[in-house]
């Protein structure tokens, strides 16, 4: 039998519903992953808790110190938001690369993170942006730094009954440039074989901070701070870039799937970390003029 | 003139309004839903099958298992267009993952689904084999008890003295090419509705071959042909996947078991990947050539992986499987050995470009290897050897209409083959490639039609040709209009419905415009003859004195003595005048020598492209692609160009990304995210289409011609760019990268 | 898919062998195993709960030891079925033991095939899940063998 | 059917009250309950676009949306385009430019182009790709589809939705 659908209007009602049904309930955000699992009978929950009307999960807020994104904000809105494009282009680029426009119109940032699909773009960008996930659950609110969130493919640090309510992204240091590169091996609509997000803060041509996140080639998005540090205090020369690219390729355990073997992905990490850094060094990727939406 | 005009598809408005009723849109009163229970094992004995728990589920109406076929009056269990080796549902043994072991009919899809899970089946797994070459080894597991060695058919083509040919060669090149199973991925899945009423079986099916379905079902149920009616709605894509017989026996058997209510079976997307695939092929090709580029001998050995059931493969192996792997070249000595091999994979069958795609992949890549070894321009090598009018092909046939070189030259013109070329330096290199192909159409097949002229001036064309998006009904109506002189707006197309239209073999092998078109011309001639005969007494003249003028008849030399067709009918008190048209092709090859008539005419196409290879990733960008086909007389240029372009898009998928992946027989990418087809962002940056016309030429189908050259043209361009030869499809970035970096 | 895992434990070959042979006890170290009982010589029946991403499955099946060469080599076969997802799992297990500096080197090779609806979920995630389970199993085994309270 | 509920759906300018299980897909409700058969199942996983509908003007996959996820937003299918029996300009452009073959995918493409025209300036090739690349046409009519989209953009009139 198909599940019932509850429509709480507040966060506390949503949490109460999840608590009441425990294992038999699933939160329903955009539904692009969940409806698929449901329809193909891979899951059979008794209750779906639809988050669409939960006020606390909506909205984008921009402040001096950062950007706060409600968990139910759609990926297309992030891809198209002029402020996100200006201030966090890596996130806009990553969101723009997800699936197709219909998926992006439906899928939410919170749902995307909670699903923890290893072959997804936004988590990689958020990893490089050092996002903080605001989570509410039966034991109250807590914050989870994104680096501690992904525990494996489709596995997160969320406890039973917990919901992501918002994603907070501290603004990168002044003088930062960033990008997100997606490498596909099959059709132009494919998921990434490798995704690379790079955020670099420059001061007078010297790299003050460098963050690289790599995903889709491995079970969860990865950063290697010890490799990132190779760049700090130096200009991004070819040699530095190559050392970082090499370091990421060496240190990340890659996986095999339809989009490429583990061995190939190691080399593709090297290539795309390098290309991402070259792009950042040489300037932002620009967006098309037609903002739409 | 109705021919040569780009008129929109007949039901264009319904198509853009979304009101075309495909099979899934048909609703019949009391219609039930069916669901197939499939084997999870590639090869297993069925130890126990207990449908009882499923029968207890509310809403379940009937469950079909092999047991039912033992009942008196039951249909036969086994069918197949050639070898009757395929059971409607498995008995005792399953031979591929996805093979039907039972089927459920229920009031709702939910009940059918639940019942499918409740059926208890116990399997005992048996050793299985998946690769066609491995299947021919002595130690390989046997897929069918009656076929030791798994080769169910070996056909041969023998032309000239092979030994002498190789002896005369300065260079002998030998290579092996492979193609994997692929899926048609018509966006509309397979679907059937079947209903028994008053001893008659009616089947609505998304099929490309209504008369083959009729014949097969009549035979299975021991009925005369007329007791089976097959109605075909417009298809949401076919590409060969809906050719011959697919779900119809199962749906008909379910309807038989239910006895009266219509039963609908529509596949889920994942089931499409285990219903019919492209052949997994392994092609060994060896060619002797003189230093000046003259080909002296060619030997081809092809292992066609047919999957668990022979399906159409034996029929293909007696023609297509031999002649479509040689290439359009003058070669004094040619030997081909084609093996039809059973494996524990889903059955393989017709697939847009059937066996030409695989053949051209091998022989056109191989031609470039030869050119490279000779240090000769690939175009020049082909110029020296391509068949010209009057040349004899390896089947002994003389090729009269030969435009291979013209096709190729038209294609290469678009990529500026004669111009100096800059391949680039650094990380991105460019290259150009070309390929040409020849494809047989079906010999020994028949198309019939009926033209009915009504007194109100409407001309009905009754045809079994299936409209699956290729615009066949539009092109055929144009031919009917042109041949009768009746304005196109007054031509209506009826069918396909086996009760209402005369026989047609199948809508496949790009045969319809040509064959059905010829049948229409035949019918039109008869209609006009009949009109003259009827008009003669009315005009008080001899029929011989009469000529047709517009949609009327007049006496030669006396334009004032004229009568409109409608008036001829009215004055004779006729509601309508009918004429029948038949066109049949002869021929066929001797299976031992491959000599005879392989094809009534030859499909000819070429492609040329320019690619850019990213050396660091192996990723290929198609900068420019030009597809050229010999089109003979073009009926509808816009629709013909669409076919041509569609071939290229389809071919890009097959070349660069498509492959059903199996892990121990289990498909692991049976969905449209894991199995990808091209989107518009995968189009070449420039895509050109050339149709070579010859006003006096015959009418040619265009559904496939420019598809087979796509993969070898790209592979040849990659070789030109970076010196890497890929021999196993699809050409993935990783394969190129591995070849470049020696890993 | 074939998964290999090898590690060295501070215990004698004989002790590790004895541990491997005791299937019901060994099974307690496999994450997700719910019950194992002996049904005959070298025959066991058991249940394994596993989460593959968002999907929960519970396989019921049998384990057979098909070859043993004490104390060096053990081969076993497992087969199980999950009714709810209409999926089947089959695995062959090959464990080899050899003395190594400071103890015993245990190498496992597991050839795993999944069939049915779960198999369509994607090979990478299945492989990751299996690898994770085998890794956890190896770790627990190592801990147990090195623990002073080990049996 | 146990847990059926009533839903008031705003489809093609009309309110339809349907009784359905809340976790039924919008695709199934549109096809089976409202008879809107232009909305078609292709892949069932949101990849192909054959089941595209506009929700609040935005293209979405009705195979990935439960009926209870529709919270009063207007839904448009191609049956709701045009007016007084006339073709919508995008539909007209599809006919004129031979932008289809089997046409199973056509309604989805048309709706995506309508959304592109309504939501963007309708002048930027990148945004057209953004709106269209998620609709798949196995017959390969892409070039003519693009031509039709540009033709519709050139002749565009004020919103007809």
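For reference, chains read A, B, C and D in written order, and residue numbers begin at 1 within each chain.
In this text, a residue touches a chain if its C-beta (ideal position, glycine included) is under 8 Å from a C-beta of that chain, and two chains touch if they have at least 3 such contacts.
Note that this is a predicted model, so its numbers are computed, not measured.
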| item | value |
| --- | --- |
| Most widely separated chain from chain B, with each centre as the mean of CA atoms | C |
| Separation of chain A from chain C, taking each centre as the mean of its C-alpha atoms, in whole Å | 34 |
| Mean-CA-position distance for chain D and chain B (Å) | 31 |
| Averaged-CA centre spacing for the pair chain D and chain A, given as whole angstrom | 29 |
| Chain centre separation (chain A, chain B; CA means) in Å | 44 |
| Residue list for chain D, restricted to those that touch at least two other chains | 44-45, 47, 133-136 |
| Multi-chain contact sites of chain B, meaning residues that touch two or more partners | 668, 671, 673-674, 677-679, 681 |
| Numbers and ranges of chain C residues touching at least 2 other chains | 84, 122-123 |
| Touching chain combinations (by label order) | A-B, A-C, A-D, B-C, B-D |
| Touching residues on chain B, where the partner in the complex is chain C | 40-41, 97, 117, 125, 270, 663-664, 666-668, 670-671, 674 |
| Chain A-touching residues of chain C, taken from the complex the two chains share | 51-56, 84-85, 117-118, 121-125, 127-129, 132 |
| Residues of chain A that touch chain B when the two form their complex | 41, 183, 185-191, 258, 260-261, 263-264, 267-268, 271 |
| Interface residues, chain A side, partner chain D - complex | 1-5, 7, 28, 31-32, 35-36, 38-40, 48, 50, 52-53, 76, 96, 99-103, 105-106, 188-189, 288-293 |
| Residues of chain D that touch chain B when the two form their complex | 37-45, 47-48, 50, 77-79, 87, 91-92, 94-96, 98, 100-107, 110, 129, 132-146 |
